[in-house]
Amino acid sequence: MRTKSFRSVVKNYRAVFFDAFGVLKNHSGLIEGVGNTFKYLESKGIPYYVLTNDSSRSPQELSNWYQKRGLTSITTDKILSSGMLAMEFFKTKLANGKAVAYLGTKDSAHYLETAGQKTVPISDVDLNDLEHIKSFAFLDDEGFDWNKDIDKTINLLRHKNMTVIVANTDINYPVNKNDISVAIGGLADLVEQILGKKFIRFGKPDAQMFLLAYERAMMDVPNIKRNEILMVGDTLYTDIIGGNKFGLDTALVLSGNTLPDNANIKIISSGIIPTYVCDSAVIEP
Amino acid sequence: MRTKSFRSVVKNYRAVFFDAFGVLKNHSGLIEGVGNTFKYLESKGIPYYVLTNDSSRSPQELSNWYQKRGLTSITTDKILSSGMLAMEFFKTKLANGKAVAYLGTKDSAHYLETAGQKTVPISDVDLNDLEHIKSFAFLDDEGFDWNKDIDKTINLLRHKNMTVIVANTDINYPVNKNDISVAIGGLADLVEQILGKKFIRFGKPDAQMFLLAYERAMMDVPNIKRNEILMVGDTLYTDIIGGNKFGLDTALVLSGNTLPDNANIKIISSGIIPTYVCDSAVIEP
Amino acid sequence: MRTKSFRSVVKNYRAVFFDAFGVLKNHSGLIEGVGNTFKYLESKGIPYYVLTNDSSRSPQELSNWYQKRGLTSITTDKILSSGMLAMEFFKTKLANGKAVAYLGTKDSAHYLETAGQKTVPISDVDLNDLEHIKSFAFLDDEGFDWNKDIDKTINLLRHKNMTVIVANTDINYPVNKNDISVAIGGLADLVEQILGKKFIRFGKPDAQMFLLAYERAMMDVPNIKRNEILMVGDTLYTDIIGGNKFGLDTALVLSGNTLPDNANIKIISSGIIPTYVCDSAVIEP
Amino acid sequence: MRTKSFRSVVKNYRAVFFDAFGVLKNHSGLIEGVGNTFKYLESKGIPYYVLTNDSSRSPQELSNWYQKRGLTSITTDKILSSGMLAMEFFKTKLANGKAVAYLGTKDSAHYLETAGQKTVPISDVDLNDLEHIKSFAFLDDEGFDWNKDIDKTINLLRHKNMTVIVANTDINYPVNKNDISVAIGGLADLVEQILGKKFIRFGKPDAQMFLLAYERAMMDVPNIKRNEILMVGDTLYTDIIGGNKFGLDTALVLSGNTLPDNANIKIISSGIIPTYVCDSAVIEP
């Protein structure tokens, strides 16, 4: 499939949204050469933001990861994570002394605590005393015992009706070049199917993720229109369809989930059509 | 199930979003007494908006329906329809001489034409000459021959890869007290399943519908926060879960889709929990 | 992908099951050369049967189609159709004066009538007098007005709870080299989704279709074991997975639904693995 | 809802198929009084069989459970489990020195070993040396580390294309009066969704489970017809729809999954209609 150079594409936009995994980084670390992309964008005065379906770590920690690898320009305020949508959701909820139970690491509970909520890991919940539990959050696939705590979550939600949120819509994620792992969104799907209930999900391709980033872009570029923003992603079903629907222009890059060999067939069979296809988001110096 | 009076609930909010069918109107016309609700809201200076998954008629026509029945305060600017999201989507697309093919009435094509697009009903498309067709829209379940035009749509979308939008997520709608009809969203589901493709859908419970209304509310009540708005609806799976997720407070009314007899069991089995349950949106004088 | 000659494969089996469309025939008629395959099988004394998800015509009519094209050996008793499973189902039901309503042609109602049932096309049903209707059958995608009769079916099934059968699991079928049409199984899916009900479906890949053929094969080859039978089909999701599950050996042919170019990727991505892959079911003289 | 006495129903049949959980036993043990049902059936010379979606234990062990509780008539040959279908499936496969990898306990691997297959638990599989692994079986939800072995299963099936069977279609099962646990069928659903592949599933409501029992009944009652057999179950979506489709008469009992309070609404909303509804399968002496 014929691709366009990322430089020739991105220069026409007033702001850029980047997906993280498969675009800026992969299992081995930063994608080589991507540092120069940010130098280019800064030289042109084009602001950029990183949109990630990651609720396992705080924006500060996510930003630190880039800082440590020399991408000093990716500061906390550049990061928009699905965990932040969960946080926004809970910010408007009364901190009435009751707690949000969760599946995830203590780190992932950061988002709830920042929103002023008390939290309790599912392992510490007493199913015979649910008076003080008011809602539930699927946050991260680590930090709990799958053999026990998935069943316990199911029974908690059968015993008491409560609002349930899923802070990451992804069903799996890559752990190295060859292997993947079930993501918390996949476990939430399993629980939802068994209960026959409907959870509230946050993350791409949902409009709220793009709205969060758009609101931030409008602070940097007043009156910027949606089609003046380029969404750059490696996944048709999250980055590209979500960006298209929100009215952004979209660039599919072939450095992650979608491979050069099958990009064309995936676009045709899915009917999800990016505005551009580029080899990667790398701009050579 | 114990319900709250709508007056006692609504008076605490700075703006109100109403679903139309099952809340303001039903198969027989306006729901009796609802006119007084609007008098009350105006006396209190609480602005209101109607959010409807209707792409069959223009906001002007939708507003006319209320005007004719004496609800003169429901002007065109109070109406937010899923068709308007489709229109917004196409506004950013180049009017490059190519046309949007559609399933629906000529009236429903209004939304596309307002966005500056040429339109062509599927019946007029020549499958052997698709050069000038650039995208497709599911608009209304009327205005075409189901025996021929559904198959023709499928074959059009097999022959040429293009962006497809669905301007109404509903799969059916009531036609009288006892009967329902397949909605255009249901036909789009059928086509999507057969093609294995992914269309872009507009309407509640999607965040973009609430965002459209929220942006309008902010023009009337600057700096209004999401939880200062009450979403009033009769359907858990569209109005209530969508409102909850967007951060609005929500009132389920029992005058439509959800009946007093099974409201409680539906809330428990779905896990979708409204902030309030009210008998109806009627406020007695 | 490397394929085996059909002759070298089929000679090791004691009976053969053929899918019809894409294996023996296509949109233009009989697949060229397939007549010789039957001569070969007869010379070797290997009995064969045709398994088809077709409920639009009787076995007699299906057989006639082959007879007219010179395949005189494909007699009525060689044909096993999903319509016959529907017929078997209704044979055990009391002919209690009540009728089975249906979507389809008069021809397709043959299966119900042979089972001793009174039938009534949906267009003749009076929704205000359902006393004499006892069940419903989806038979064929032709013979009715889609604009009216799909909605009427939905409302019939909302007004009166009854057993519903679908006599063809396929959701679409080819009408010529380039185009497909929605099959009755696709319309049944639409109605099922709107009603939230669960219909009884007949046809491949379901075990009952293979059982029907297996029982007939056992009359011709007493004590034949399942893995002594070869199922020949062009579709992984019906012929091959169904045959595999029933314990038959399976041969995927590339003359229909699955193309030489993507057979390998379809097998890998679906995880449905045929015992053999052959170019076609044709055996040269 | 009005129910019939089980005695008045069952006396008209020539054989009976019982579901196990919710019909003969529950979380506390045998359902009280069910022993007398078997005395009654024996006095009338009506043979009976137990059909269970259980692949965690061998028929011998399943039978022992009843024997220990005094139901001496439930011998191994009365038990038909979904694990036996998996066994039948593997019996026809060459024991070519390669192994079937599995998720489950050592006990659950019994079914594969009886079929002459080498087995290896997923924990012992070396993902870098898959030469000797030829297929995969989901057998039981116990006997492995969910945190590690579900991901390992996913990566095994990504690295090597192979036939995958699921020996129990159930997605959950009750562990006590209040709580449920994810069943191996639920975990298989999760893996299937992540891989986008299609597994071979065994168990009710699939026809093969009923066929296995029917073949056994025919040995005891030669020429018995399907509608001379009563299927007794507590679950509409497995026992009743499967029995109905296979041509059996069906009795829904209200001693398990379907409660007296909501039996009627479940029947109406699902459209799955049992021939009879009985309080339980208990026949008073």
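Order as written gives the chain letters A, B, C and D; numbering starts at 1 within each chain.
Basically, a contact is a pair of C-beta atoms (placed from the backbone, for glycine too) under 8 Å apart; a residue touches a chain by one contact, two chains touch by 3 or more.
Just so you know, these numbers come straight off a predicted model, no measurement behind them.
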Once the contact rule is applied, which chains count as partners of both chain A and chain D? none
At the largest C-alpha centroid distance from chain D we find chain B
With centres defined as the mean C-alpha position, give me the chain A-chain B separation in Å. 28
How many angstrom between the C-alpha centroids of chain C and chain A? 45
From the C-alpha centre of chain B to that of chain C, how far is it in Å? 40
Two or more other chains in contact with one residue: find those residues in chain A. none
Once bound in the complex, which stretches of chain A touch chain D? 127, 145-147, 150-151, 154-155, 158-159, 171-172, 175, 178-182, 186-187, 189-190, 193-194
Which residues, counting only chain B, touch chain A once they are in their complex? 88-89, 92, 157, 161-164, 195-200, 206-208, 211, 225-227, 237, 241, 244-247, 267-273
